[in-house]
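The data blocks that follow each hold one structure.
Next come two complexes, and both contain chain A; in the first it sits with chain B, in the second with chain C.
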Partner chain A sequence: MLALAAQLAANGLITGSLYALLGVSWGLIFATTRIFHFAHALTLTVAVYAAVVAVDRWGVGLPAGFVLAAAVGCLFGLATERVVYRPLRRVDATQLNIFLASLGLLIAGESAILIAFGPQARELPGFPISGIALGPVAFTTTEGLWLLASWALLLLLIGWLWWTRYGRAIRAVASNRELAQCVGIDPERISLLVFAVGSALVGVAGTLLALRDTASPTIGVQPVLAAFIAVFLGGIGSVLGAVLGGLILGLAENMGALVLPGHWQGVIAFVVLFLVLIFRPSGLLGVRTR
Partner chain B sequence: MDFWLHVLNMIGLFAILGLSLNLLLGYAGLVSMAHAAFFGVGAYATALTARDLGLPFPLTMVAAIVFTTILAGVVTFPALRVRGEYLILLTLAFQMVIYGLMLSWVDLTAGRTGISAIPRPRLLGVTLVTPAQFLPLVLACAAGVFTIAYRIGESPLGRILKAVRDDEAATLAIGKSVLHYKVLVFCVSGGLAAVAAALFAHYQAFINPFSFNLDRSIFLVALVVLGGTANPLGTVVGAIVFVGLPELLRFLQARQDIVDAIRSLVFGLLLVLFMRFRPEGFVPEHARGFGWAGATPAGASGAIPDLTGSSEVAADAPDPALSARNLRKRFGGITAADDLSLALPRGKVTALVGPNGAGKTTVFNLLTGFLIPDGGTVELGGTDVTRRAPWRTVRLGLARSFQDVRLFERMTVLDNVLAAIPDQPGERLGPLFFAPRRAAEAERRNREKALGYLAFVGLADRAGEVASSLAFGEQKLVALARLIATEADVLLLDEPASGVDLHWIRRILDLIRRLVASGKTVCIVEHNLEVVTAVADHAYFMEAGRIIAEGRPDELMADRRLAEIYFGTVRR
Partner chain C sequence: MKQTRLWTWTCLGVFAAWAAVASPLPVEAQETVKIGMILAMTGPGAFYGQVMSRGAQLAVDQINKAGGIGGRRLQILIEDHKSGDADAGVTGARKLLDVDKVPVILTSYSAPTLAIQPLAVEKKVLLLNGGGVGSVLVGKATLYNTRMLSSQTAPFVVQWATGRVKAKRVATLFWNDAAGQGVNAAIKETCSKFGCQVMAEEPHDIGAKNYSAQLARIKAARPDALALGTFGDDVGYILTQARAYGITAPILGVEWTPNAQKIGGKAMEGYTIAVDRFDPASGDAKTKAFVDAYKAAYGDVPEFYAANYYEHVEYILRPLLKRIVDRGGDPAKAGEILGEMERALSAKFKFGSVYGGDMQIHPDGTVSKPLGVYEVKGDALTLVGRIVEGKIESK
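Coming up: the complex of A and B.
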């Protein structure tokens, strides 16, 4: 029983770390631009397919595949902001309309990928998968990579946000758009910046996911739903909150197996979200705003 | 042939789903990503009562409607306080939980396998099996739901839903309980979705969770938005275009999954393009379908209403009309109101003046229940209204306007004013459907009244225009007409003359004088000292949450110390 709990906790931390990365990648965009960027799921899918095509078809090495996924994700995110969202802001579209446009983009994009690559799942080869036993817990090398890569990227990002000029500008816009504008920060440029960074991160996170779960045209939606939950659980605008939210979500999903049968796992995440929105809408580390 | 009849049936079902969602999304502005979940709950309720309890057809639909309505009512409670992205996420979470339950609660729902062998309905001695046999039933139900949706949408009730959509605070300020209408519209929307659900379950004779997933919810939201929100015709057009037309793709003779993908691709792109180039959808909100008399009144016959209705009782009405004692309110470390006491003498204009940030608007919020004071009491004509909800305070006769006007921007000028008239039978479902003549009669009278209020402020000729298209000064006058329409006799005006030029100021001052002459009690917050001197009988001078002086306005103006505080010339 105790061994099982330890194993589940380890699994929770592993998926939780990836959720944290996903959450931060989406939360950065949402907190700064207030765009409910559902099409983040499409960015993930496009980046993963770029990596799969490069590695599987062109025989590029896996590390290069990751770099490509980050680059493609970044460019796709920038294009989305420029081609879809900015024109909508120009005509003063409501938040609902921007959200719907985002959904439309996701639906159209997934279909385009399905038409181009077919509905079947595609493997991302090239990573040596074996088991690692660490005391009472066991996990695969893929999961080890998740853990390492997620935390490396998270720490890099946090450092960048805290100690660089652009990072501070992003945090300023996220906490108060108007005030940031008053001190000479151009929110349009910051929007581009967060789309670039967030989209690159989700490209990498998606590729990490595809290492274990294979790629399909609809691969993006579930991880991005997890990202929403991590962000709202932790509190909008708080990077540490999103990290914490991701970890809690991962742990809750996995530890839930101790008391619930396995097929309930999918429900747990949304019950958690439901409860947070009801009882603590500002999130665990969020600032309570009116 | 059967295939095209099937397509017609599906259009009918989706029209019902869309119409029910439009009430929620289009009229009340509440985005629900959980409509497929309600659809699913209704379908399972139908399937289980039909198969396991052996209920016959119309009863299964009734059971589904009752169950879904109750569930919608319960779910609403967490959704009442939230808007925008929080509501999207909350309903999305609900959708996923219900969908997860359908998959996981195997004992009840049989999980992925779904429920099969749902009994076919029997009506008038015929067992309905083929699409052709179902078609009359589906069309009849669709027509019924269309009538209900249209009736609600174009009624005083629909007007309030739109008011809730455009501005919740302003809806409270015209004396309508936002909470009540939100619960109501969630329940009605859920109940109507169950009509489609029951038909669907019997029609397919088989259901599984995959018909009720997030994609379906997204599709429904998109259908309503692309068709045209707050217009039932738009939803019908949307159902025909997005459920019917894609079937033509079948002639492509391609693989089914490719056909589906092409359909989604076009659909998704349309969604993006519509949001950019035609956000109002195919059939916009104010387009009228049946050549009904448009919103523009013919001839604006409205006589200026008898504003003196309340002044008959003025002789023995308690004076002061409103009194507040020892009001206190702190926000964190800031004291916004510190032991504030004031009284508004009946039939007079009282002014609250003071520098920016003195807490004048906070006083209005405390008096009208928008803020709950930490201590102190507010009495309105002898009744304690201290902790009442804002809308109740309005019904008791104390109403306020907003500094930033806050009209219901997407509604017509006339509807803005009409919405504020109290006690309309057409705002309740009962009279709306069971005493339509009474509702129509009241509506006709109220229109006259509202036109009268508009004539009073001099805007009767603009009644049919959308509120946001008016100039700022005109909007202020509409807001004033709306305030008068609440029939409250104590009116609190927050900066009635700010941001408008001299021409408008004169007009507004004149209106205030006429209001007082007709027996209203008025309190204004105003920065323009000339306005205050011109119209107010008595003034309170506020600074930092306290009243530091009171008297006739010209006396206060003459006080050097107050002038220094006001203009900030004092050196400390």
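Coming up: the complex of A and C.
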């Protein structure tokens, strides 16, 4: 039983780290722009396919594939903000309108990828997958990479947000858009910036995921749903909250298997979200509003 | 005013008469026999929908190119059950039955097939399933399966596990639907007869990519063998993760696909299955003709799902339609194809299959085909045991 608990805790920590990265990538955009960017899932998919084409078809190395995924994700996110969301904001579209546009973009984009690349899963080669055993705990080399890469990127992002001018500007807009405008910060430019950074991060997170799960047209939805839950668990507007939310989500999903069959993971995720929203509606680290 | 109205009615009358005489329905529209398909065109199983529809379309194209059946051309109409969604299957079936009035539907997956079966009974429409393997598909009116069902193949997985692997403790990991649960139930039932015990039963979602929680629980149960009731690509992901997590017990199952092999890679080595296997490299003339035609049409080697749906059209529907046309019947009429199928079954419906050897469809909706036990060696399946009269014989 102890061995099982240790294994499940390790699984939870690994999955939670990736959820944290995904949560931060989406939470940064949502906290700053208040756009429920469902098409973040499409950004992930597009970036992953770019990496797969580059690595598998053009023979580019895997590290370059990661860089390309980040770049393609960044450009796609920027294009979505410029071409879809900004025109809608200019005609005073409601949040619901923007959400529906985002959902429509996701569905249309997934269908386009399905037509262009077919329904088959596409492998992202170039990373040796084998097992690593540490006492009672075993995990794959891919999962080891998830853990390292997720935390490296999270620490870099947190440092950037706390100690750079642009980082502070993003936090200012996320905290109070009008007040930030009063001190000379341009929210439109900051919107573009968070779309660029969040989309690049989700491109890398998606590529990490594709190393284990392969690429398919629907690869983006499940991880981005996990990102939503992580953000709402941790508290909207809090980067550290999204990290904590991701970790709790990953641990809860996996530790739940101590008492329930493994396929109940999805249900456990929503039960945890439900409980947090009942007892602490603003999330674990969110700011309480009256 | 009266004169204007008279002119209007005269013009409309002349136009109607002209339309009736000058533009009769095109010959093709009158003659076409529609074949409905309800497949996984989207979702995690979209690969199956693609290859199944390709298999059927190839046969239809070949028949139409040769002038149709007694001059009747065939047309395929596809609806999507979104990879096993029974509601979506019913919606698609209603469209095919009520709007398109198809006399036959080719289905896949156990849940949508079960859901649409009562509608097919009501409309007297023949249902052919070449994908779903749930044992619940046996003995259903109008439904005939051309794939060996889980209740037919899974017992041999247990026979192999207890006989060759000497397994006493077995764990199962299976699709959380009728097909996977059917395999799990058959394994449990056979295990009780062969003296082994099922220590862990872990269902999983269709198309899942992460099995860490299930595999952790299975590893903790320390089984001598792991039996899978899982299909398609999922097998490749499970094998990769199971080996990486340190599960060294033999892994057995009821399906292998080239795509799963590609995903699983070296982790697939030693994976053993009991299956009615389609071997595209077999020397059988029918197999070769089908494989060559498929390659020419799609540039790909067909796997068994494509073969099953090609066979539906070429070896089941074609002779049925020919008999109906030859006796002056209308195959597009509701109940005609189903009636002809029932007549064929009463006279033993047996035919040479693209699998090589004969296939026989039974009145209870099951099928008999050559069965075998295969093991992955290198990146291909190798026959390690023939199944003769319910027992596994060494090759």
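The definition used in the following text is that the second predicted complex is superposed on the first by the 289 of 290 C-alpha atoms of A that agree within 3 Å, B and C clash if a C-alpha of one lies under 4 Å from a C-alpha of the other, contacts with A are read in each partner's own complex, and residues count from 1 in each chain.
Note that in this section contacts are C-beta pairs under 8 Å (C-beta built on N, C-alpha and C of every residue); 3 or more make two chains touch, one makes a residue touch a chain.
Given the structure is predicted, the values throughout are model-derived calculations rather than measurements.
When the two structures are aligned on the shared chain, A:G109 is found in touch with chain B, with no touch to chain C.
By the touch criterion defined above, A:L148 lies against neither chain B nor chain C after alignment on the C-alpha atoms of chain A.
Within the superposed three-chain model, A:P119 lies in touch with chain B and with chain C [touch as defined at top]. In the superposed model, A:L156 lies in contact with neither chain B nor chain C. Within the superposed three-chain model, A:L96 lies in touch with chain B and out of touch with chain C [touch as defined at top]. Using the contact criterion defined above for the overlaid structures, shared-chain residue A:H263 touches chain B and also reaches chain C.
Contacts of A:L8 after superposition: chain C is touched, whereas chain B is not reached.
Common to the chain B and chain C contact sets on chain A are residues 114, 119, 261, 263, 266. Contact residues on chain B toward chain A in their complex (touch as defined above): 31, 78, 81-82, 84-86, 88-90, 92-94, 96-97, 100-101, 103-104, 111, 214, 218, 221-222, 225, 257-258, 261-272, 275-276, 279. Listed in rising order, the residues of chain A touching chain C in the complex are 1, 3-4, 7-8, 11, 15, 114, 118-121, 123, 129-131, 133, 138-141, 212-214, 216-218, 253-254, 256-257, 261-263, 265-266.
Contact residues of chain A toward chain B in the complex are 36, 84, 87-88, 91, 93-101, 103-112, 114-115, 119, 221, 225, 228, 232, 261, 263-264, 266-267, 269-271, 273-274, 277-278, 281. Across the complex, chain A is touched by residues 42-44, 46-47, 49-50, 176, 201-205, 208-217, 219-220, 233, 237, 240-241, 243-246, 259, 262-263, 265 of chain C.
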